[in-house]
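Chain IDs A, B, C, D, E and F follow the sequence of writing; residue 1 opens each chain.
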Amino acid sequence: MPSIASPIFRPDQRSADTLRTLRITPGYVSTAEGSVLIECGNTRVLCNATIEQGVPGWLRNSGRGWVTAEYGMLPRATLTRTARESERGKVGGRTHEIQRLIGRSLRSVVDMRALGERTIILDCDVLQADGGTRTAAITGACVALAIALGKLVAAGTLKTSPLRQMIAATSVGIVDGNVLLDLAYEEDSRATVDMNVVMLADGGLVETQATAEKDSYSRAELNQLLDLAEGGIRSLFVAQNEALARAL
Amino acid sequence: MPSIASPIFRPDQRSADTLRTLRITPGYVSTAEGSVLIECGNTRVLCNATIEQGVPGWLRNSGRGWVTAEYGMLPRATLTRTARESERGKVGGRTHEIQRLIGRSLRSVVDMRALGERTIILDCDVLQADGGTRTAAITGACVALAIALGKLVAAGTLKTSPLRQMIAATSVGIVDGNVLLDLAYEEDSRATVDMNVVMLADGGLVETQATAEKDSYSRAELNQLLDLAEGGIRSLFVAQNEALARAL
Amino acid sequence: MPSIASPIFRPDQRSADTLRTLRITPGYVSTAEGSVLIECGNTRVLCNATIEQGVPGWLRNSGRGWVTAEYGMLPRATLTRTARESERGKVGGRTHEIQRLIGRSLRSVVDMRALGERTIILDCDVLQADGGTRTAAITGACVALAIALGKLVAAGTLKTSPLRQMIAATSVGIVDGNVLLDLAYEEDSRATVDMNVVMLADGGLVETQATAEKDSYSRAELNQLLDLAEGGIRSLFVAQNEALARAL
Amino acid sequence: MPSIASPIFRPDQRSADTLRTLRITPGYVSTAEGSVLIECGNTRVLCNATIEQGVPGWLRNSGRGWVTAEYGMLPRATLTRTARESERGKVGGRTHEIQRLIGRSLRSVVDMRALGERTIILDCDVLQADGGTRTAAITGACVALAIALGKLVAAGTLKTSPLRQMIAATSVGIVDGNVLLDLAYEEDSRATVDMNVVMLADGGLVETQATAEKDSYSRAELNQLLDLAEGGIRSLFVAQNEALARAL
Amino acid sequence: MPSIASPIFRPDQRSADTLRTLRITPGYVSTAEGSVLIECGNTRVLCNATIEQGVPGWLRNSGRGWVTAEYGMLPRATLTRTARESERGKVGGRTHEIQRLIGRSLRSVVDMRALGERTIILDCDVLQADGGTRTAAITGACVALAIALGKLVAAGTLKTSPLRQMIAATSVGIVDGNVLLDLAYEEDSRATVDMNVVMLADGGLVETQATAEKDSYSRAELNQLLDLAEGGIRSLFVAQNEALARAL
Amino acid sequence: MPSIASPIFRPDQRSADTLRTLRITPGYVSTAEGSVLIECGNTRVLCNATIEQGVPGWLRNSGRGWVTAEYGMLPRATLTRTARESERGKVGGRTHEIQRLIGRSLRSVVDMRALGERTIILDCDVLQADGGTRTAAITGACVALAIALGKLVAAGTLKTSPLRQMIAATSVGIVDGNVLLDLAYEEDSRATVDMNVVMLADGGLVETQATAEKDSYSRAELNQLLDLAEGGIRSLFVAQNEALARAL
């Protein structure tokens, strides 16, 4: 049975329950309404929020807004070059899966009626990938979203921000029998179980996805993974709030 | 706090912990190596297994096989017609997400070295959709796979079946505060939490994906959902085995 | 010169002028306005009729309706797997040719002015293919169409059905010098001439397409093929009417 | 009952059984192995034959060749501009249907074993369209093919031409109750029945496709249409041979 | 240093500063509002102008018109066959680059306000390619445009032609150290520098694009190339005007 | 006549012949063989060089290498969001034009025989766009290329670097009658003439492209633009060399 107490050797000397070095840089580009560069160790994701007037057809005249996400990876974010999806003429399954997860997560914290008939697009582009890009994207996109909505409030367009609370995410997994927080790529590729957890600031769970890569897992292991994730995500909320304080 | 004991009213008078009427018809088409029509209430999915010589490029000369899945939905599987993905010229995000889940699940029960350099494709096509199509597809595809591999053993091509154990899946969710098993479409569309669970015959978990649709969920609720799913999936294993017995 | 009197050996012991076993199951799915599973021997085609408000742009405000068809083949309808057109990102030439034929045929029996500005889409999906899928699709789609329009009349939306008469189709061909009705795949692949005939209940011809596959044909042979087809199609009209009687 | 004897008024004063002015210009471009501009009245189609080494995968090492065709229409071949298929990103159903017909027709006159493992591509591009473009393409492509194969014989690459005999095609139809030969666009758009006939020089039929556009047709009408087509195609063979004589 | 005075040997015995034989045939097809076949030696481009009501979205209600171009190459315009862009499902980079150049050039001579909310599409299709197809397309398209606009004036739809002046283009290059005008394909493939020049009838320059293919070039060489191009383009204006005079 | 002496007002107080603040950061990502972030004012382009074994088919067994480029723009590089080309399913004309220019430019400085059968891909991705992205990409890509090739030399894989000399590029234009160096977006959008110049370190010209946007230009103006560009590019060479010195 795995245990977080056994002696383990992580590539960067971290303990099992420690996040990688985290850096959130607000205002990375000046062209977007909200922009954040989030760095989790060597993983770097540029998250830009766009607010557009209007909503997709099925919401027209509903008085409600919409939030969606797009995810991309630069060809040399990875150690061997990945072909551009624009060149291949289609968006791949992994990209679809990730951007649906990001969109769904961010929609869960926005009051669509308070937003009104506006669409928010969260572009999450990976400049460098070292594991955990989708969870970094969710954590960074929430800050970009908060900044963009904050500007609408500051401009008097909205009375209060439609952002009900912050949301953040991390990955956890079982590697060589150890339950580890915030896997880097090298760890992720050896993991027998890989899990993504998306949590609200109030502790409510929004997405939990645990996948057995090489071996199945038990209910006990699932609970250990969730314990570890919850601890890590609480640290992410602190970092998000610091970044927001700097941005305003 | 939700409870499975509260009085609930399901469209088909089922109790909270009862599966829909299940029917597994082996040999639905005679053209495929393994063919199964699985019906979970009004959800009907045709699962066909194809065994081809050879593997994708990255596995060539590795001595190992590969298992993959494709998922489709006929235009009138749904109450309002859905445009064909072939006409739109691309496979959508939902389809990608589902077929990746099916493929990953089935790969977890196949011994790739015992399979040798063969590729198994599991085509899961929804003839009629009433909720739970992806979990029905996994449950049905495993039977189609077992039949196809059984033929290879019967023909003497393989000494023993590379299928290590059966795998099955169901959905659970929270509707109006009730934790319910095997949601039909109408229930699914009202659910605040929607969860898919993929489990091995030995009880090991392979995939657990819980998504908050309207409200977040607690650790306690997650455990209730898992309890309910495990009970349902055990019934699915019984039905799979009966179908396999009839097929052989 | 070919003759239907010479001793011939068909895979299923049929005589030259006999149709394969025919089964028309109305209401195969409950989601569509009109649904029919048609089985001609081992060929099985699911035909679903959808009635939508509105017409394509060039008919808007004309007071006239439109009828169109889409044709698909499940990957394992065939003995060796066929790649999905959605995966290849385009609809192939054969599919285009067939769905244009089905649409044109069905349009010829609908009074577009009586239909009003509605569009009927006939989805014909081949679950199992053993020759003659396009003619089976026409024969089955006409029943699905009749059911869907019958519901509009029953609901009082239309006063009388815009379906002027039934339409049905079969294939004929010359195999080893014999003129044969309703070719199965094995016969079709050996045929020197292959012909599709689409006929109205009143005996009028709507489409006749005779293609020399290996050898050309004479006017006399063309007339023999047409004689045989007309006899077969008259049997199809009987089966269509029985199915409709059961459906109503 | 229609009759070719009734007084009729064709746009260009032709009688019912007369072809439009026909012009076949060999060597229209000097870049292709065989090149022909065929003009039937205002319909102008450039037919170029390419001979390439090698065959598609399924014919490799069979010792047999392959013949295929591609059909295109310049945007302003028509009175109102048609969008380019390259811009729309896909080849339409009508194009697919036509190029399959041309390819099939030309394959029927080539001895694939005598051709050896070579592929002949017949590019038929419509510079101006006034009805009958697909039949003009077949008639012109056969001359381009004969020229290209003649060059292989002249160069000593092949001992004799693999072209077994010439093939030509025309359209016939019923307009205002009259059976007419070689319809121009204006007539075609008013026709109740439209038929394409592809015939060998020895009188054998290769393709007969009769489509009811507004009204069905009888067996008697079908025979009248075929009589008229056969007469017209015999004139086409004379013109093909004259063009070939000029080309050599 | 290159010089136009050194003895040079061009494939067709031309001197360094002579254009290839030029032929402009107005009215090549009767279906388009303006149609021109331009032949520069063996390069033949069919240029058709279409005038449509309405403008792209971003110009709606601006009172201004739009001019755009599309460029295509028939598969056997070249000595070895080029695959169709419609078959490959996308328009290639070279095509994009050329049609953007043609469109930009023609827009520079049209008074968009005088044109009003109309769109002019210039389709330039290469029937045979022997170098200089893009510059031939610009020169021919301007004549087709002038004819089409002339008809609008003749019909009283427009008071005066929105065409402010003629525009024409040619290529120049450095081959074996010689500065040459109007390169044929064989010369172009050996050129170290290749330049396209687009000029107005009043001598103003609109596009100058000089590309080093194998070796860089100096400012002095650039000026020699421009001198030569200006002389050639003046001859093109004479030919354009003669063709226009014949067309009216 | 334009003059660089007239009093002008540039958004950032620059004089007519001054480049924007330039910053070249080598090693921006650690995943690529050569990586550079180039910033020209607010324009930021990430240039990554990949070296792969092997060459495209037409160069196989030639002993020669190949250099190509791909260009992309993140959706929020611009003030209003631009849709992703991967989502639209095709690479647009502007992108094609730019990446062809970058590839051609970089190929002109690489000794393909010294490179051997390797392919270098230069990915240029715009993180923020404020005019001049294509010229910034060329300038930055050359540094990334030099770093990547330097590593091959350092590793002993190549004896000497196949990079013959540095290459750099800038834009110039005429705005309000003033000839200006290195246009920012706001200036570019008002320019009557826009020119890109690509130059070698030895002063040789590789690409000069001058486009009249609203008004044509004279030979005198073209020469003024070239003078200004040459001065600016000399400063770029200094910055490239400083960055290279830091990188090694």
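Things worth noting here:
The rule we apply is simple: contacts are C-beta pairs under 8 Å (C-beta built on N, C-alpha and C of every residue); 3 or more make two chains touch, one makes a residue touch a chain.
None of the values given here were measured: they were computed from a predicted structure.
Each step here moves to a touching chain, and the least such steps from chain D to chain F number 2. Annotation of chain A and chain D: not jointly contacted by any chain, touch as defined at the top.
Relative to the C-alpha centre of chain A, the farthest chain centre belongs to D. Here the repeat of A-F among C-D, A-B or D-E is D-E, since over half of its contact pairs match by residue number. For the pair chain A and chain F, the fraction of shared interface numbers is greater than half, so the two copies use mostly the same residues to meet.
With each centre defined as the average position of its C-alpha atoms, the distance from chain C to chain F rounds to 60 Å. Chain geometry summary: the mean Cα position of chain A and that of chain E are 52 Å apart.
Averaged C-alpha coordinates put the centre of chain B at 33 Å from the centre of chain C. Touching of two or more other chains is recorded for residues 89-91 of chain E. Following neighbour contacts from chain A out to chain B and onward until the ring closes gives A, B, C, D, E, F. Of all residues in chain B, only 90-94, 96-97, 99-100, 104, 108, 200, 202-212, 215-219, 222-223, 226 touch chain A in the complex they form. Residues of chain A that touch chain F in their complex: 29-32, 35, 42, 44, 46, 48, 50, 52, 70, 72, 74-79, 81, 84-87, 89-91, 95, 121, 123, 125, 127-129.
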